[in-house]
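Here the chain labels run A, B, C and D in written order, and each chain numbers its own residues starting at 1.
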Amino acid sequence: MSTTLDAYAADVRAAVADAREKVSALHAELPRWGLVVWTAGNVSQRVVVDPAGPSERDLLVIKPSGVTYDELTPETMVVCDLQANLVDGDRAPSSDTAAHAYVYTHLPHVGGVVHTHSTYATAWAARAEPVPCALTMMADEFGGDIPVGPFALIGDDSIGRGIVETLRGSRSPAVLMRNHGPFTIGKDATAAVKAAVMVEEVARTVHISRQLGEPLPIAQSDIDSLYARYQNVYGQH
Amino acid sequence: MSTTLDAYAADVRAAVADAREKVSALHAELPRWGLVVWTAGNVSQRVVVDPAGPSERDLLVIKPSGVTYDELTPETMVVCDLQANLVDGDRAPSSDTAAHAYVYTHLPHVGGVVHTHSTYATAWAARAEPVPCALTMMADEFGGDIPVGPFALIGDDSIGRGIVETLRGSRSPAVLMRNHGPFTIGKDATAAVKAAVMVEEVARTVHISRQLGEPLPIAQSDIDSLYARYQNVYGQH
Amino acid sequence: MSTTLDAYAADVRAAVADAREKVSALHAELPRWGLVVWTAGNVSQRVVVDPAGPSERDLLVIKPSGVTYDELTPETMVVCDLQANLVDGDRAPSSDTAAHAYVYTHLPHVGGVVHTHSTYATAWAARAEPVPCALTMMADEFGGDIPVGPFALIGDDSIGRGIVETLRGSRSPAVLMRNHGPFTIGKDATAAVKAAVMVEEVARTVHISRQLGEPLPIAQSDIDSLYARYQNVYGQH
Amino acid sequence: MSTTLDAYAADVRAAVADAREKVSALHAELPRWGLVVWTAGNVSQRVVVDPAGPSERDLLVIKPSGVTYDELTPETMVVCDLQANLVDGDRAPSSDTAAHAYVYTHLPHVGGVVHTHSTYATAWAARAEPVPCALTMMADEFGGDIPVGPFALIGDDSIGRGIVETLRGSRSPAVLMRNHGPFTIGKDATAAVKAAVMVEEVARTVHISRQLGEPLPIAQSDIDSLYARYQNVYGQH
């Protein structure tokens, strides 16, 4: 029995070490694509602790609070449970950890979450206006408009709840939290980072298009067909 | 006879190796000039297989699908025929390969094709509005307005057909496909990449100019004279 | 007694050497975040000479005048007293030194000052319009709107006086001097640089949001609660 | 006598070698500050051949035509006389050489000339609208509005003449040639590059300010006093 337990413990340690490596490397994508300044923004990934058990037992690996992008290494990442309690690490977790944890608890298919204040996405969020689907790349990646979530204060469940309720009603992996900024989800942290890059890109392109007139809408049937193809065919299989 | 065949085969191999090298290096220009994010965008070049035969027998070298710019090397590029079938390479070709192949088949003078979703060009495309020729550098490079192509879904010939039909009626090496983004052509891949850089530059400059008023048009005779000089005199001869 | 004096002098020298190092390194953050071009912009830090005495006796370390960002090293930084007289260094101090010195003299809790002409903050300053608090990150960092200071010519106390009078009536660590640009303050130079990065970020985001409509305001009680939490809880403690 | 001639020739050679080095290095500033794409833009510097003779005998060092920024070295720079004839170098000179030469011939105090198509300056030029002096840094550097020059075709003296006539009536070291882009001058190539960086910076800042209202003007007497101070006091003396 103790052999099994040892093996189990070793698996969890390996998965956490792996996630520390990956989450640390993915943070570099945020400044690279111009999504964050100073210490803003964070990426997390779920670590499945007990594949047969409830997902509430899982862990997450996330950036520590208020630390610059130059200082990020696998070792400085922190590990929390899904109640946002620190499980492993020398530093305080990101102040957005509770929102990430809420998403993992309530959306079991989500393996990665990203939060930024990227400029154009946040500009739509400040007006509480969804980004209309006027680009084929939006149809591909988001399957329609990018929705707006409620205004919510940090400190309790309200940000996490706002994210989950908004995304449940949408194909979009991105939500614009009002007056705040985008949160994105994905099957893993890489997919959530890709969605964070793409939400800023399409928020920017549609904004610029609308500055000089009205972008032409894409028919719903065309959006559906683009989304279906992209989700099933694109990339290396 | 077999000696001639061997020599012929060796020539094709050398041309393909050369094109792999060149197309891989040119992809680095797309993120360098801010034209793409994540894995978006692609560059291709025609390889002439049988100079005496019909151009439909030619090959093209293009980026694989859904691969990041950091992973691109001459070896990861893929080779397709002009029916967009994979001829050589370990990965699935870009999902835009059929559009590139259609252009090579129907425009025999074209040796390079580039596709991006660069922001300002795509913003004009989302309004289906041509970029008016209000800059001497537009007259030089594009010989007039930058035209808009039709809305077209991926999956059959309609994107390729839209590109070819629009460019046949224009001196411009760039077309803005509606709600989608720019495609550019050139005598080789380098010229098509230059056109991709320039179409974003002029789309951006004319956009910004129009934000605060109406850019002054350039007389058609001045456009013609600038275009004629630039195409014949500029550069190293 | 002379031993005490020697020790005192050694302390001052060590503090100055330390500040030269820090101020030189922090200047690199200004071009990194796109806040300055050519030789514009400057960062300073206070050096406390006599902790028991009046703060007017303190020194400040600042960038020399008209020197490019590539040439900055700890050795090229200059040391001035709070009357803006050169105390140590081979070069003329920044022409904004008098404004920095005025701030240190009249705001004893300030340990760092930064001045830039960052684009979006300066654009609001040219209209003499405060940036309205429409983002949770503005509530966090600035505790409300970012205020505008008076038009003031260089050459006497008027810039310094304008900064101090405007900031005394505000929680904001940033002031937009009319037709000129932002000045920011902090407990040390790092905090002032962070405020310089953040003022440009929020000036840009609110500007972009307002281009297509009116950003939704945040209730004053929500601003107060976000500000209180952020100032007390955020980061590593 | 031949000794004197040898010494004279050696002086000219040294001055040309020096200018090749400097002009090549300064070209790197154009992409660094985002002023150019691909092969656009050029920097030149005057070489005084005979200090006692007429300035029409001077030489100029400039970028070759259509060569990318990665390929620029002191050796690839070309030397022309002030009739724009190639005097030394393996490549064809920039197609803007005649305009540079005209400026050196007619403005003897000018030692450097820069031409770019930088985005915001060119956007004002496309509307033929001067940039109004609404920033203290504009008063410092340009002493007032940035003027617009006439529309002119390449191929004869008309661009050079338009630059010279416009700048003779202004304190500004920058002119926006209509539908074309900015030309800047300075006592040497470094000063002209600085003016090229600053003209884009102020064109961009005033553009952005005007997007949401009207920037407040600065009184002429304040502009005069800022300009006088900056030209005489700023920097290291």
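Some observations on this one:
One rule holds in what follows: a contact is a pair of C-beta atoms (placed from the backbone, for glycine too) under 8 Å apart; a residue touches a chain by one contact, two chains touch by 3 or more.
Everything quoted here is computed from the prediction, not taken from an experiment.
Traced through touching neighbours, the fewest hops from subunit B to subunit C number 2.
Identification of common neighbours of subunit A and subunit C yields an empty set. Matching the C-alpha atoms of subunit B with those of subunit D calls for a turn of 90 degrees, to the nearest 5. Subunit C and subunit D, compared by their mean Cα positions, are separated by 34 Å.
One simple way to say how far apart two chains are is to compare their mean CA positions; for subunit A and subunit D this gives 47 Å. Contact with two or more other chains is made by residues 211 of subunit C. In summary, the structure contains touching chain pairs A-B, A-C, B-D, C-D. If you check the complex, the residues on subunit A that touch subunit B are 33, 134-137, 194, 197-198, 201, 204-206, 208-209, 211-216, 218, 222, 225-226, 229, 233-237.
Against subunit B, in their complex, subunit D makes its touches with residues 37-38, 40, 64-67, 91-92, 95, 117, 119-120, 122-124, 126-129, 151, 153-155, 178-181, 207, 210-211.
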